[in-house]
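Take a look at the structure below.
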Amino acid sequence: MSSDHPTYPTSLGVSDLHTISLMGQDLSADLIGKVSFGHLAYRLITLQEPTEGQARVFEAVLVALADHGFTPTAISARMTYLSAPESIQGALASGLLGGGSRFLGVSEDTGRFLADALAGVEELPTTTEGWDELAADAVRRQRAAGRFVPGLGHHLHKQGDPRIAALYGVAHEAGQVGPHLALFEAVGRVAEEVTGKALPLNGAGACGAALADIGIPVELLRGVVLLARCAGLLGHIAEEVRGNHVAADVFADVERHAVYVDPPAPARGEA
Amino acid sequence: MSSDHPTYPTSLGVSDLHTISLMGQDLSADLIGKVSFGHLAYRLITLQEPTEGQARVFEAVLVALADHGFTPTAISARMTYLSAPESIQGALASGLLGGGSRFLGVSEDTGRFLADALAGVEELPTTTEGWDELAADAVRRQRAAGRFVPGLGHHLHKQGDPRIAALYGVAHEAGQVGPHLALFEAVGRVAEEVTGKALPLNGAGACGAALADIGIPVELLRGVVLLARCAGLLGHIAEEVRGNHVAADVFADVERHAVYVDPPAPARGEA
Amino acid sequence: MSSDHPTYPTSLGVSDLHTISLMGQDLSADLIGKVSFGHLAYRLITLQEPTEGQARVFEAVLVALADHGFTPTAISARMTYLSAPESIQGALASGLLGGGSRFLGVSEDTGRFLADALAGVEELPTTTEGWDELAADAVRRQRAAGRFVPGLGHHLHKQGDPRIAALYGVAHEAGQVGPHLALFEAVGRVAEEVTGKALPLNGAGACGAALADIGIPVELLRGVVLLARCAGLLGHIAEEVRGNHVAADVFADVERHAVYVDPPAPARGEA
Amino acid sequence: MSSDHPTYPTSLGVSDLHTISLMGQDLSADLIGKVSFGHLAYRLITLQEPTEGQARVFEAVLVALADHGFTPTAISARMTYLSAPESIQGALASGLLGGGSRFLGVSEDTGRFLADALAGVEELPTTTEGWDELAADAVRRQRAAGRFVPGLGHHLHKQGDPRIAALYGVAHEAGQVGPHLALFEAVGRVAEEVTGKALPLNGAGACGAALADIGIPVELLRGVVLLARCAGLLGHIAEEVRGNHVAADVFADVERHAVYVDPPAPARGEA
C-alpha cells in the first residue's frame, strides 16, 4: 500500500482471517443470536446502540410500515417478477424505487416538518396548551408558505388511522414520547381549527415522528421506511412465487382495456 | 364491481375504514409492539407464524448477512447516492441489484443443493456415518455434473468462517437443526476427502441451510438475503449522508487511474 | 500516482483539459452531428465501427423493439412514476428491470439458440434444403433436451408477426442476411413439420437473429433490447407526465378488486 | 368488457392480430427501416414528428451525452455486473439510478432555469445586447435567491467545454437555435461580469438548452439524458463482458484500503 493512496474509512463491517466485526463488535460472538435484526439495523443506520425503549419503538415502526396490500410499489414488484422471475433482486428493487415523495415519503416529510418546527424553539412546552400553540403556529406557517401539512389525512381511514393509538401506546410504554411525537399529537388536536378541514393524523406521519424521537436522522427516515417495505414486497413476490398470478391477471386486464387515442395535434408553428 | 372483472387475491395487507390487517391479523391490535420485525418478515414471506425457535434462527441469519463492508453492492449504493443524493431509494435499489449469482447467491445455491440432495432420500440418516455418506454422494454427483459445490470456501476466511459456529450454536439452542444443516455439516466433514481440496464451510452457505430448515422455500432464500443486506446498505448510505465521502474518493481515484486502450482491431472480413 | 496502484483500462470515454474522446475519436470533431445515436451505440457496445448496412439493421431492430404498449415493464415504470414522480430515473430503471427471461429475453434466447446450432457446423449450407436440414436438426435437439424453441409463436399475432417481413426486408436491402437470419428463416419453414405445432416466427426472435448477424455478441443481445425499450418506457413516462393517469387508474382498480384469502394451513408437523 | 371498467388510453403501441402500430403509424410499414432510432425516440417522448432539423439536433445531443468514462454511474453498473452477471438489466438499471441531481441533472436544471427566465418575457430580444441584458437579469435573480446558476463550469474543462462549439454548430446548421440556446449563449457572455467568476458554459447545459429548443418538455429533459447514458453504460458493461475486470480491480482496491474507525461517541443524554 503506497502512502498516497486514499483510504476508505468505515465503522461498519471489517474482516480479517478469523474475525468479522460490525461497528467494532465481533459479529459471531456478540451479535449473531444475541440481538434482533431490528436492533442491528438501528445500529447500522445510527452507529449507536439503541436503548431497550428505542429498539422497541424501532421494531414497532418497522412492523407498522411493512405492507399495505396492493400499493403501486407492490404492483411494480409483482410486474417485474412476472417479466424476470429469475431475478428476485430486480423485482424487489423495482418495488422499492416507488419509495419516493408521493406514497412512502410521508414519514420523512412529517419528521422534517416537525424537526423544522422544533428547531427554533429554545424551551420546549410543558403544557398541552403550550404544545398546541407551537403546533398551531407551525401549521399556520406551513400553509402560509403554500405547503401541505404532512402526516394528516388518509385516503381510506377518514375517521382516524388505526395505527396511531398503537404507535403512541408503544412509545409511551417504552418511555420514548419525545418532542416530535408530542408536537405531532398537538398538530392532530389543532389542525381542524387552524385549517378548517377535519384531517386526522395518519400512521405514516406518526412513524416519522416516532423515528425522529428515537434518534433517526431526518435524512434517513425514508431509508427506514424502505427497510420495512422490503419485507412487505418480499411477501408480494412470495405470493407470485407460490403461484397466485396477480401480476399476470393485472397485465391481461390492462392490455384488454387499452384504448388508442391520437396524439395531440402539433402546436401552431411547430413541426 | 362487475361480475366479469378479475379479482386479485392476497393474504397480505387489506384495509377498510377502521382496520388494517396483515395475514388476517389486526395490525394495530395484534402486531405493532407485539412482534419483532424479523418475526413479521418471516410471516410475510411464508404466511406461517414462526415458532419461537424458527424466529430466533431467522433473526440470527438476518444479523449474520446484514453487512460485509465494502462489497460491490455497498460500493454501488454509495456511488448512486453520490450521483443522486435526493433519491435514497435509488441508492438502496442500486445496491440490492448486485444481489445476484456471484456474491449474494451462495445461500440460495447452497439451500438448493442441499434440498436436491435430500429430495430423493426416503429415510434420513440417523448416524454421523449415514450423513457423511449422503454428503459424499451429493458432492460427487455435483462434481460429476461439472458443477461447483456451493457453500465451501471463502476468499478471506481460509481457515474457517467465524459465523459457522455461531449459527450452528443458535440453531442447536433453538432446536432447529434439521436435515439441511445436518447435511451441510456433513459436507464440511467429507469435502476435503472427496474433492482433494481443503475448503471450509462458509457462513453464507450455513445461512442458506438454516433458512431451509426453518421452512423458507428455496425460491425465496435470496429474498431473505436481500432483506438482510438492505440494513447493511442503509448503513453505508448513512455513512455517506453523515459525510465520510468514500464514494467521492473512490470515484476520483478510479478516474485518476483510468487509461485509454485502443479498441481491438476488427476481426478479418468484418467492417 | 504510485507504481503499485491498479490502472483501469477502457476504450470508451476519456477526457483532458481540451478534449473528450470516445473510442479514440474526438467527440466534438468526429462524432457530434456526424453520426447517429444508433451508430454510436453500436460502436460503444462492439468497439467496432458499423458498416452502413450494419448500422441500418441496428437502427431497424431498435425501432422494432422500442415499444409494445402496456407490457409489464411499461406498467411497472408508470407505477413507479406515480409513487416517486421526482425521480424519473427510478421509473425508467423499474421498467427496465423487467427485461429478463420471460418478456424481453426472447431475442437473446433466439440468438443463443441459433449461435449454438451454427457453432458446430463446418461448412454453412448453400441451398434451402441444406438450411432446412440444419434447422430441423437444431429444433429436434432442442426439444429432445426438453427445451423450448425460442423465437416461435406470439400470444397475439397467431398468423404471423408483422415485423418479420419488414426486418428481413431491411436486412436483405442492407446486405446483412447472415447465417443467423438464414437459419431462423429455415426454422420457420420446418417448425410445424418437426414439432407438430403451427407457430410462426416472432419479431423478437428475428431481432435477435439480425443482431447476431451484424456482430452483436450473444451476451449483449439483451442489452440492445433494453436500449430500445428505454425509448418506449420514456414514452410511457411522458404520457404520465402529460397527465393521462393510467397508473393511478390501474392502481385504484387493482385495490378495488383485491380480495383477502386466508393463508394456507400449516403443513403437518410444522409450526 | 363491462361498461364500468376503466379504460387505459395511450398514443403509443397498440396491436391486433395483424398489425402493430405506434402513435398511429404502422410499425412494420412506416417505421422499421424508415426512421432512425433517435427519430422514433423523439416521437415516443413528444408524440410529435420531428422536423429534419429537430431530429438532427436530437441525435447530436444523444451522442454528446452518451458516455464520459468512469463516472459514478459507470462504476455502479460495472459493480452490479460483477455481482450479478446473469442480470444485465440490473447492471444497467443500477447505473441509470445515478441519473439524479448531481451528475446527470445539469441538462434538466439548465433547461428549467432558461425556461423560467424566458417565461415572463413578452417579446424576445432581437439584439445581442438585449439577450445579454436578459441573461444578466436571470443570473442576478438566481443568485439573489441563493441558487447556483446551472450549466456553468466543469471540473475538468476549465477553459471551455469542447462540446459547446460542436453543439452550437449543429444547431445553427439545422436552423434550431431558439430562445433557450440564445439565452444560454448570452449567459456565457455575461456570467463572469455578473458573478465575478470565470466559469465557461458546459456541454450538459448546452444539451439542455438545445433539447428545450427542439420541443422536449423540461420535465422530460432528464429522460433524454438517461436514454443517451443507456448506450454508454452498455459500453461499460460490454467491456466487463469481454473481460477487462475493472469492477473486480476497483472492488479489490477499495477493500484493501478500507480502514475501520470507531463510531462517534453517543451525544450527551442519549442512549
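Couple of notes before you dig in:
A, B, C and D are the chain letters, set down in written order, and residue numbers restart from 1 in every chain.
Simple rule for what comes next: a contact is a pair of C-beta atoms (placed from the backbone, for glycine too) under 8 Å apart; a residue touches a chain by one contact, two chains touch by 3 or more.
All of these numbers come straight from a predicted model, not from anything done at the bench.
Remark: among chain pairs B-D and B-C, B-D carries the greater number of C-beta contacts.
Relative to chain C, the chain whose mean Cα position lies farthest away is A.
Rounded to a whole number, the gap between the C-alpha centres of chain C and chain D is 23 angstrom. In whole angstrom, the spacing between the mean C-alpha positions of chain B and chain C is 30. Chain geometry summary: the mean Cα position of chain B and that of chain D are 36 Å apart. Multi-chain contact residues of chain A (touching two or more other chains): 1, 5-6, 8-11, 14, 47, 69-70, 84, 86-87, 89-90, 93-94, 97-100, 104, 246, 250, 253-254, 258.
Residue ranges of chain B in contact with chain D, taken from their complex: 1-5, 69-73, 75-76, 79-80, 82-87, 90-91, 93-94, 97-105, 246-247, 250-251, 253-255, 258. Partner chain B is touched in their complex by these residues of chain C: 1, 5-11, 14, 21, 23-24, 47-51, 84, 86-87, 89-90, 93, 97, 215, 254, 256-264, 266, 270-271. Across the complex, chain A is touched by residues 5-6, 8-20, 22, 26-29, 31-33, 35-38, 40-41, 44-47, 56, 59-60, 62-64, 66-70, 87-90, 92-94, 96-100, 104, 156-160, 162-163, 165-167, 169-170, 173, 203, 217, 219-220, 222-224, 226-228, 230-232, 234-239, 241-242, 244, 246, 249-250, 252-253 of chain B.
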